[in-house]
Structures are given as C-alpha cells and as structure tokens.
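Two complexes follow with subunit A in common, the first pairing it with subunit B and the second with subunit C.
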Partner chain A sequence: MALFIVRRLLQAIVVLLLVTMITFALLRAIPGNVAAAVMGPNVYRDPAAIKLFDQTYGFDKPWYSQYLLWLGHIAQGNLGYSWNLNQSVSSLLGQRIPKDLVLVGFAIILAVLIAVPIGMLQAVRRNKAVDHFFNGFSTVFYAMPSFLLGLLLILVFAIKFPVFPAEAPQGETLGVIFSNFNAMILPIATLTLITVALFSRYMRSSVLDNLTEDYVRTAKAKGASERRILFRHVLRNSLIPIATLLGLSLPGVFSGALITESVFNYPGMGLLFFQQAQKQDYPTLLGVVIVVALATVVGSLLADIAYAVLDPRVRYTS
Partner chain B sequence: MSMPVMPPDPSLGLGLSAGLTSVPAAEAPPAEAALPPGKPRSAFVRGLEVFVENKLAVTGVAIIVAMLLFCFVGPLLYYGDTTVVDFAHETLPPGAGHPLGTDQNGQDVLARLMTSGQISLEVGIAAALLATVIGMLWGAVAGYFGGVLDAVMMRIVDAALSIPVLFLALVIVTIVTPTEPVLIGVIAVTSWLTTSRLVRGEALSLRTREYVQAMKVMGGGSARAVLRHIAPNAIGTIMVNVSFQVADAIALVVALGYLGLGIRPPQEDWGAMLSSGVQYVADGYWWLIIPAGACIVIVITAFIWIGEGLRDAVEVRLQRR
Partner chain C sequence: MRFRPKAVGGLAIAAASITALAACGGTSSSSPAAAGTPVSGGTATFAELPNTPPNYIFPFTSSAYISVSNSDLFQYLMYRPLYWFGTGSQPTLNTSLSLANYPTFSNGGKTVTITLKHYMWSDGQPVTAQNVMFWLNMEQAVGDVDYGAFTGFPNAEVASMKVASPTTLVLTMTKAYNPTWVVYNDLSQITPMPEAWDRTASGPSHCSTTVSDCAAVYKYLDAQSRNLSGYVSSPLWSVVDGPWKLAAFNADGHVTMVPNPSYSGPVKPRLAKFEELPFTSDAAEYDVLRAPSSSSKIDVGYIPTEDLPAKPAGAAVGANPLSGYTLAPWYSWGISYSTMNLQSTIGDHGAIFRQLYFRQAFQYLMNQQAIIQGPLKGYASPTVGPVASYPVTQWLSPQLKAGDQFPYDPAKARSLLASHGWKVVPGGTTTCANPSLCGPGISKGSALSFTFNYANGQAWIQAEMTQLQSNAAALGIRLNLKPEPFNTVVAGYSGNCVVAKIPCNWDMADWGLGWSFYPDVSPTGETLFKCGAIANSSGYCSAADDAMINQTLTSGNLSYMYTWENYLATQVPLIWQPNAPYQVTEVVDNLKGVLPQEPTLNITPENWYYVK
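After this line comes the complex of A and B, so read on.
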C-alpha cells in the first residue's frame, strides 16, 4: 500500500508537469500578438516597442526555451508578473485564493453533507414520491446554468425581497468577507445547489447499483437487518464512486465558481481568470491554472488512494 | 463538372435533427408487441421495454423532438425579423403581433428564441457526439491494455481534467474567433476526458471479471475481449454518458454565450440572449430572460431524463427476462 501511495505521488508530479506543458503550449500555440494585446493596437506603429517587449518577456526565444525558463522560475516559487495589473502573480493569487477557499470550500462541504443522505434516501425509496421529488429538484438545479440560478436568486432575494445583498463582499481581506457574511449567502447558495444536484444524482445511481449486488442478497439471507445492510454494506460501497467524483468534480466546481463570481462580482480566482483571459495576460492565466490544477491533482490523488483501499476488484498492476 | 469542396454546411443541424427524430419512430411499442410469443427477445428489445416504460425518458424524447421542430421548422412557419434594429418597437411586452414581446433592439423575442436555439442545439449535440467518440476509444484502449500505455494515456487525461473546462474553452475563444465549427471543436476537445475515464474504469474492472478471464484461457485475443465482452458491457455507461454529455455541452455553449464569448453577433445562442437581457431585468422586462432561461433548463432536463431512461434500459438487472 505504501508503495502504491509513493507511485501515485510520483504520478501526481508527472500530471502537474503535463498540466504546465498543456497550458503553456496552448497559450503559445494560439495566434495573436501578445505585445498588442498588452499594450494596445497602437503599438503596431512602434516596431521597436514590440521588439523590446518580446525581448523582455522572452518571446524572441524558441518555445521550448521559453517553457524551460518559465518552469525554472516556477520551481523557485516565482510565478511571474502580471502584464496588466502591475502586481506579481503570486501576490494576486495570495489575495484571491483565500476567497475561493471560502466560496468553493463552503459549497463543496455543504453539497456533500446534503447530497449523500438525499441520494441514499432516493435509492432506497426508488420510484416513490420522495424519490420523484428529489429527482425533480436535482434535475432542475443540474439543468439550470449557474448564472441563471444566480440571477434568479438575486431577483427573488435581493430585488423582490431584499434579504441579502445582490453583490458579494468586496474586500482585500478575509476579515471583510466574514464580517459581511450576509453577502456571501447567495453566491454560496448558488454554487452549493448546483453541486448538490450533481452529487446526489451520482449517489442515487451508486446506491441503486449496489442494492442489486449479490452481497446484499447474501446479507439479507443471513438475516442482517435493513439498517445494517444499508449503513454497513451499501453506504460504504456506494461512497467509492463518490470519492472519485469529489476529486474529479473540483475543476467543474471551479468552472461554476467562475460564473458565480462573475454574476456576484466576487473577486476570486475565477473572475481574475475571466478578466485576464480577455487581455491575454499569460502569467496570471498560467498562475491560476496551476493553482486550480494543483488542488485537483491532490483531490484526485486522494480519490485514487481511496478507490484502491475501498475496492479490491480494481487491481492495479505493480 | 466536378463539385468544389464545400465548407461545412451551416444547416448541419437539420441533418442531425432528422437523425434524432427518427429514433422515437423506431422505438414505437407496437413493433415489440407483434413479436411471436416464446421467441427469445434481444437485449435491445428488453432494454427498449424498460426505456418506453420510463415516462420521464419518453417525455424527454418528446421534448427534444418538439424543441428541434420549434427551432428548425418554427422559423418556416413563424416570421419575425431578427436582423433589423427597430427602436420604435423596443421592449414591447408580450401581446398581439409579438407573442413573447420584443427585445431592446425591437426584435421579436420568439423569433430570436428559434434562431438562437438552432446554435445552442447544433453545437451542443455535435460537440457531445464528437467528444464521446474520442473519449470512448481513448478510455477503452487505456483500460484494457493497462500497464505503461494506460499510465501514459491516463496521466494526459488527468492533466487535462485538472484544468476546468470553462477555463480552457475561455482561453481558446478569447483568441480564436468562435464560429460554429470552432465552438464544436473547442467543446469536444475539452469534454471527452470524463467519458474516457468512465470507459477506462469499466474496462479496468471488466477485464478482471471471470467471463473475460475464461475467454482468454480459451485462447481469445485482445480484440475479441474488447469488442465482444468489454465494449458491450461498457456500452451502457457510454450511452448514459452521451446524453449527459449533450446536457453539459449545451450548458457550456450557453455559459460561453453568457460571458459574451460564444458565437459572434449577429448570430447568437440562448446564453447570449439571456445575457443581453440581464441589464433590463431590474426594469421588470422578464420576457428578455425567462423564455431563453426556460428553454435552456427544459432542453438540458430532457437530455438528463433520456440519460436516466437509457441508464435503466441498459441495466440488465432491471430488465424483465
């Protein structure tokens, strides 16, 4: 088992390297003049300025030496300097990451706590009223784009009945956010509802799958109580795909967070990414992608370890 | 005279819709009722029975057929100018002449809903199908062969999966002008990863099952194992995944449209339509956002219901034997 974990750790590092390669290659492969994107179209009148820009940021070198140079900087903890915001990428991320920890963290924890019991209840009461009710609930919220949900929540809870502010807290520090937590309710609710819809569907399917397994019949034949079968056998086996899903769902949740942040104008990483993507601010984009990818790779690592621990049928060749 | 190579046909969606609408016709229950008693029914027919019994799934198919008719045949029957700006008739509430009112440019909302729907549906369905094919092949090969090949292939998938789809798509469409084929490509290229992981997981688990082992002992090769045993057993997962992929692809098109990075004006999709209506919502012009929002939710819901129905249909243990 220890060997497996070490191997998975090494794999995780390889994956992160691949992420940097994919992102870097994508940003460099796509046509477009970076100097013009950063300094505006007027720069075309001044070829010397373009040349200076290219030299300063290494655009005159071949792509692989650009990549290695950039990788070397990353290894030293230097994520570069934003071309638009006049700030280092690490200080930008330092401001934004805690905000996403609040938004995404709350949403995921709440979603798991709500979705697992709902999914299980639905599976056990398959095709009963309670199943149909929650099925309708999760289908509607899964089908609803996060921006539509956010807008509807604003319409109802901020404009029609002004209970919560329509805009997320605007502040540099976490203190501001927690002292104004009322304004966080709608963004967190948006992201949570959408995530619950996703998780509870998977949980229901997973429990349903397990309820038809032979071991359930065996346990029944042995005389095990319904409660024991559900909580000792089915729940544990059903959580296996959920573990994988949690790791895999992080990027999806971040996509949802990007939209949620743009609807509520919450200054997290998603909004930063969206704004800087339009200005081709590569250092910032790379920085955000690496942080999100790191979170996902760690999540995926934990999920895979959980998978191997929980399901001996999945044999990994050693 | 030889025909020149044509650029991608903009009416591609019509072909797609024709293909889709023919599916429910083939699924009509009388065909199976006519089967002679006692004849062993195929897994397909047994699956069909379960699917047809699922009211939500049938409703889902009906909704998609209706929506395809609405978006592609609707404009032939209902005319509303979506090209001319007419400020004299801007933001009219629903009423005579304009069943769903007019927007901030004085254009008919119902007509816009149809043309925007064409883009959303075409891009969503085409991208999902493309993504599924890519993901299926990638996952089956990796899962079945295992070892170094699996490791390399899945590490690439892991890496790409760690980058949120929306982030990837966003970067691409801010730089490349998102025409319809480009958008299909971008969404397919960023969405096949989940499918490949699912299929790979199935293959990984299936290849250690007794019947595959037994077949190998009897001298069966890899191709037979993948095609005869692993693929058919994984097909359920794949089919269910396709309908969810379509739902997700439409959600992604719409999200890009909402962020202002979808198809460029004057063409637009439901997301862009909704986005341009948002600023007027506080004024009470609900018809600028509710119709587009409702269409998005209804279509995605329908694909989810179909997915659920398919899931039940391919689940052998739920079939009557």
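After this line comes the complex of A and C, so read on.
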C-alpha cells in the first residue's frame, strides 16, 4: 500500500505538470493583447507601457519560456499577482478556499449523512411507497438546476416567509461566517439537496446489489437479524461507490460552486475563476487550476485508499 | 475621458425620447415619500454593481484601475478633486463642493489663476497650491503611461506652472484656450495630494517641487496601493481632505467610511457611517433588496434589468415593484455607440465603411426606439451624435435636441445603397454593381458581408445585435455576429488600430457601453474624433472635423460646438446606439438627499440623512 501511494504521488506530479502546461498554453493562445485588456486602450498611447507590462509579466517571451518562469515562481511559493483584482493570487486563494470548504464541505458531509440512510431504506423497501417517494425526490432534485433551487429557497424562506437571510454571511474570515451561520442554511441546503439526490441513487443501487450477494444469504441462513446484516455487512460493502464519489467530490470543494456562490452573494473559487477568465487574469486562473488539479489527484488517491480499506480483497501491490 | 465602465447590474432596458426624459422628474415611489424629521446618525448602505469592488485607493489611477467604483464611489469621498462636477442632475461645475474658486483668465486667456479655498487635510496641514502642483508634476512625469484619463494635459497645453502663493497657482497656457474647456477638461483631472504622500520607501521626496522626483514617488505610492489589507491603517491613506475617511476595508468589496471631522467643505456628513456592499450578481442584490434582514439591508441599491417595470409613455419610470423605495434611473454623462472600422484590412471593407452614404444607410437600420421600448423597457435615451442627449445641457445643439437624425428607415437605407451603385438583394447578399458609384477602392461584385464582434453578458446588446442583423439582412447586408468577452472586445477593437499598431483585421465592434465624459466633462471631440486620436476606434479622419474641433477648444462660443456636432452627427463616424442608464436606483424612502443623482456618477453621502 505504501508503495502504491508513493507511486500515485509521483504520478500526481506528472499530472499536475501536464494540466498546468496545457492550461498555460491554452491561455496564451487566447487572441488579443493582454496589456490592453488589463489597462484599456489608453495603453496604446505609449508602446513603452505595453513593453513594460510584457516584460514584467513575461509576455515578451515564448510561451514555454513563460511556463518555465512561472514554474520557477511556483517552486518558490509565488503564485503570481492578479493585476485585475490588485492582490496576490495566494491571498485571493486564501480568502476564497476556506469559504468553499465551509459551503461545499458542509454540503457534501450532510449529503452523505442523509443519502446513505435514504439509499438503504429505499433498497430495503424496494418498490414500496417510501421507495417511490424518494425516487421522486431524487429525480426532482437531480434534474433541478442549482440556480433554480437556490432562487426558490430564497423566494420561500427569505422573501415569502423571512426565516433566513437572502444572502450568505458577508465577510472574508471564517469567524464572520460562523458567527452568522443561519445565513449559510439556504446555500448549504441548495447544494445538499442536489447532492443527496445523486448520492442516494448510488447508495440504493449499491445496497440492492449487495443484498443479492451470497454472503447475505449465508448470514440469513446463520440466523443473523436483518438489522445486523444491513449494518454489519451490507453497509460497509455498499459504501464503496460512495467512497469513490466522495473522492471525486474533493475537487469540487476547492473549485467551488459557481452558481450557488452567485445566487447567494458568496464569492468563492467558482466565481473567482469565472470572473477572472473573462478578464484574461492568467495568474489567478493558473492558481485556481493548480489548486483544483491538486485536489483532483488527492481526491482520486483518497478514493482508491478508501476503496482498499472498505474492500479487503483489493490490494495495491507493485 | 473614460470608456464606459461595465455596469452589468442595473443597466436597464428601454429608451425614451429626449423630450420625455428631460420633462420628467425621473423618480417613482411606491409610497408617498416620508416627510419626516431629519435625524443625525445611522448607517447608510450602498450596493456596488456586481464584481466591481473598489481595489485602488491612490487617486492618480492608471488605466488598469481607473473606474467608477475606484474613483467616483471610493477615492473622491476621501480625496476631493480640485473641481467637482455634478450639480444635481447636470454634469456642470459645482463650485460649492470644489476646493478652488472658479479660475480667472487673463493675458488674453493664456494665464489661468487658480485660487484655493481654505481646506484642511486631516493631518492638520492646509490644502495648498503646492499640493496641486504635486499632482501636476506627477502628471507631467508619468501621466502619459500611468494616468488612466490622460489627455495630454499639462504637457501639451501648459507652457509653465508657478506656485504664486500657498493658495494661488498660475498656469501659463501655450495659447488661449476656451476657458470652459480648460476648466472642464484640463483642471477637472486634478486631485490635490498631501505632502504626506510626497515620499518614497527611503523617506520624504520632492515631487511637489521637482518633476524628476515624481517617477519614484509614483512607484512608491502605486506599490502602497497594492497593499489592500493596509488601507485603513496606512499613515498615507488616512490623510484625507474629503468628507469621509476609511474605517474598514475588505478586498472583497466591503467598505466602511466614517465622517472626517477635519472636513472643511460646506456640508458635513450627518450619517454616522457609509457602507458599500459588494454583490456577486444582480439577482443576489435584488434578493437582499426584497428581503432585508438584521444582517443585510440596502438603502441605495438598484433593480436588475429583467425586473424593471416597463415605463409607460410620458412617465419617467414604471410602477415600482418594491414598496418603501423610490425608483430613479441614474444616467451617466456620455454617449453609446458601436464601431465601424474604417481602417479594416479585410478585403475592401475599409473602403466601404469610408463611404458616408454607407454609414448613413447603416445608421438608418439601427432602430434605437425599438431597442429602447423593447429590451431596455423605456429606460434609455437615443444617442443622436457626439454630444449626449440626456441630460440636456448647453452643449446640445438645437438641431440635435430635436432627436435622432437617423430614425429607423430601411427605405432610406435602401435608397442610399441603390443610388450608389449597389444591387440590393433583400435576404441575400447585396453586391456592388457599379464601382464608379460605389466608391473608390470598391470593386465590382464586392459583397456587403461583415463580422460584428460584440461584448457578451448584456441582454439588451444581444437583442440589439439580433435586431440589427435582421434589419441589415432585409437589405442584403450580412452581419456575422460574434459574441466575445468584454475585455477581449475592448482590447481588440476600442483603440485606433493603426495608431495603436494592433491588428486592423476586423469590421465592426460593440463593447456595449460607449464613452463617459468624465473627468473630461466637456464633450468636445478631440479625444474620440480627431484624426489619429488613440480612442478614435473607427479611424474616422476628416480635416473639416478636426478644424471644427479645434475651434471648440479655443473659443467658448457655443455656435462652434453646435456647428461641429451637427456636422459630425450626420457624418456617422460611429454607429449611434441607445444610451442605457448606469443603473436604475432604488432609494429607501426614509433616506433623503440621495436624489437627484449626478450624471458624472459621483456620490455625496455627506448630503444623505435619515428621517423619522
């Protein structure tokens, strides 16, 4: 297992390099003068200003030289500067990532806590009323766009019946967010409901598969109660796809939830990337890409490790 | 001069006729305005447009950061410009809020004497002529590269500058200019800077007396401006002469200001606090407007385009969907247009665009009234020429006050094309049948087929483009619409491509927002329409136009202004399009003093007060 993890980490480095290289090249291929995009057409008044900008940010070099230069800065912990937002990329990420950790992280944890029992209940009560009810529930919320759900929640619980604020807590620090946590209910609920719809379907399917396995029949034959069979045997095996989903959700925690952030006035990583992409703010875009790529490889690795823990038959050997 | 900031939020829809707009009071309240008793104190909250947080505090702002959110809505509350423009709903000089008296002109108009009033910085120092010189010296040293609204002043127009006394500055111009133009377009740029800022990292410097020191001082102050977390505690930025000082600042856009007790101006703030609130989207802002809570409320916000009530004919606004608020469109002093590249290198497109009849024919296809009444829901004014049609000012000629010189008329457009040698094929592609009539550089068989790049993200622009494409197609003019991000459009097509040495291989472009006449307030055409001007995106060049513009710069006689704008309006150097408001504002009824809103987009929260 240890060797497996080391090998995967080494692979992760290669993946990160490839992802950043491709992203870098694609960004540099976007037409238009970046200096003018940042400084406006007045910059054309003095070619020296464009030259200075290009020299400062390396746009006067071939793209691969720029990439190596950027890699060198990354190695020194310098993610660059957002000329558009007038802040360092690291400070921007430092402001936004914790907010998405709270929003998306809470939503995923809640979704798992809700979806797992629902999925099990549906499987055990297959084709009964409760199964149909939750099938309908998951169909509705799985199909519903997040912006629609968010706006509906605001309409009902903030405008029609003012139970919660219409926007998420405002502030840069987690302290502000947690001191006004009731304002996080609606945005978290938006993400949670959609995620529950997805996770519960996987869980139902997985439990159903496991209920037909031989070991369940054997356990029944040995006189184990249904409760024991479900929670001591079936649950663990049924969590394998959920573990995979959780691992694949990790990038989402760091890439944010663009629509939910926009609807609830909660600027996170999703909005950061979207808004700065429109302004050719390459340093910020690359910073976000690094973080999300890293989260993706780590998430994938964690999913594989969880898989091995949950299923002793899986062994990662050299 | 400023390319209009991307005001995504309340950019409303619909236009109205100039007459209707000029006649109407411009507000609507869903409930009778509370008369009430004025009270002191309270915290007024002001909603920023989406994704426009202030992020640059130094009021010598480069192109990268010059914007309404940084200048009008942030810097000017703390650091007063020398001259304040915005008197009620007019973009005129407001002498009561200015730091100096109206200058005197002598020596045949070549000598300009500026006398400062008695204002104090918050560090106890008076605002002096040397502080003005500080700005002027910096402008001389680095303005062409590092000042976003650089027009050439003072380098191009001022022969010498002298501090005659602590409160008197004397400028000797290279020639006698139109005094109004000098005040409105040159002196309007100046924001005096305190001696406390005249320093570099190693200590005090002398930019206020020595131009050669200014580059280093600028570099230092610019670097300090990049430390957003240090704005409040900075000993530099805490030296203010405006009515407000910074109490809290977050990089995400939350700004809190409190009254500056040292403010010397005529109106002291009555509010205890003024807060600016950032929003991620129009919808998020509108939700808070509709559902205020103990943790979030908006006193001065805006209503998104899609939620605007349609404006009945003859009314200033429609029925306000929000109770307890007053609806008031906030028009900015500027014009709106799209660009036809007369220097296009694609085939003979440039030659086609250089034909006056073609530009006029195309203008006849721009149905401004339909766009105003349709996607803009009545909240806009037609652009009739190089001078804004709303608010109506002294600069608008009687001819252009009458309205759009090219109201939608496809028959006239067709007639212009046909009479100039084009074989008009409705629904197909119109081609040149008689080159001698089509014009020089246009060959037989040339097709009227062009690419139109426009900024995405604004529904009314999308609707306008679609309409224009349809109108043009009816005359066989094929428009290939190409939506692109705003920054891409501005970067690629807003500058004079030949002068700026950028690719000229484009036909038409629209970034959706046009031009704002601020801080150069007088709408003379030297920045946008003179031959070789960097912002002359179409590349229009006419010796006659240049000569007329020069007359407006040297004479205050409005007849020259009227002659020029009447001429240029019919020359159609740009495709005039509806001018939508900056936003349609919602003001809570118990907050007074907010209206009317200044078309220079300045705000004066020191005038605001609650009533009960």
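As a working rule, the second predicted complex is superposed on the first by the 286 of 318 C-alpha atoms of A that agree within 3 Å, B and C clash if a C-alpha of one lies under 4 Å from a C-alpha of the other, contacts with A are read in each partner's own complex, and residues count from 1 in each chain.
Operating definition for what follows: a contact is a pair of C-beta atoms (placed from the backbone, for glycine too) under 8 Å apart; a residue touches a chain by one contact, two chains touch by 3 or more.
Since this is a predicted model, take the numbers as computed values, not measurements.
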{"item": "Partner chain(s) touched by A:293 [first = subunit B, second = subunit C, both, neither]", "value": "first"}
{"item": "Partner chain in contact with A:100 - subunit B first, subunit C second, else both or neither", "value": "neither"}
{"item": "Which of subunit B and subunit C A:18 touches, first, second, both or neither", "value": "first"}
{"item": "Subunit B versus subunit C as contact partner of A:139, first or second or both or neither", "value": "first"}
{"item": "Subunit B versus subunit C as contact partner of A:254, first or second or both or neither", "value": "first"}
{"item": "Partner chain(s) touched by A:262 [first = subunit B, second = subunit C, both, neither]", "value": "both"}
{"item": "Interface residues of subunit A shared between complexes with subunit B and subunit C", "value": "30-32, 151, 159, 262, 277-278, 280"}
{"item": "In the complex with subunit C, residue positions of subunit A that touch it", "value": "30-34, 36-49, 52, 81, 83-87, 91-92, 95, 151, 154, 158-159, 162, 165-167, 169-172, 180, 183, 261-267, 271, 275, 277-280"}
{"item": "For the subunit A and subunit B complex, residues of the former touching the latter", "value": "11, 14-16, 18-19, 21-23, 26-27, 30-32, 139-140, 142-148, 151-152, 155, 159, 205, 212, 244, 248, 251-252, 254-255, 258-259, 262, 273-274, 277-278, 280, 285, 288-289, 292-293, 296-297, 300, 313-315, 317"}
{"item": "Sites on subunit B touched by subunit A in the complex", "value": "146-147, 151, 155-156, 158-168, 170-172, 174-176, 194, 197, 201, 204-205, 208, 247, 251, 254-255, 258-259, 271, 274-275, 278, 281-282, 289, 293, 296-298, 300-301, 304-305, 311, 317-318"}
{"item": "Subunit A-touching residues of subunit C, taken from the complex the two chains share", "value": "3, 51, 53, 55-56, 62-66, 144-146, 148-150, 225-226, 228-229, 250-252, 254, 277-281, 283-285, 287-288, 290-291, 293, 295-296, 457, 485-488, 490-492, 494-496, 499-502, 534-535, 537"}
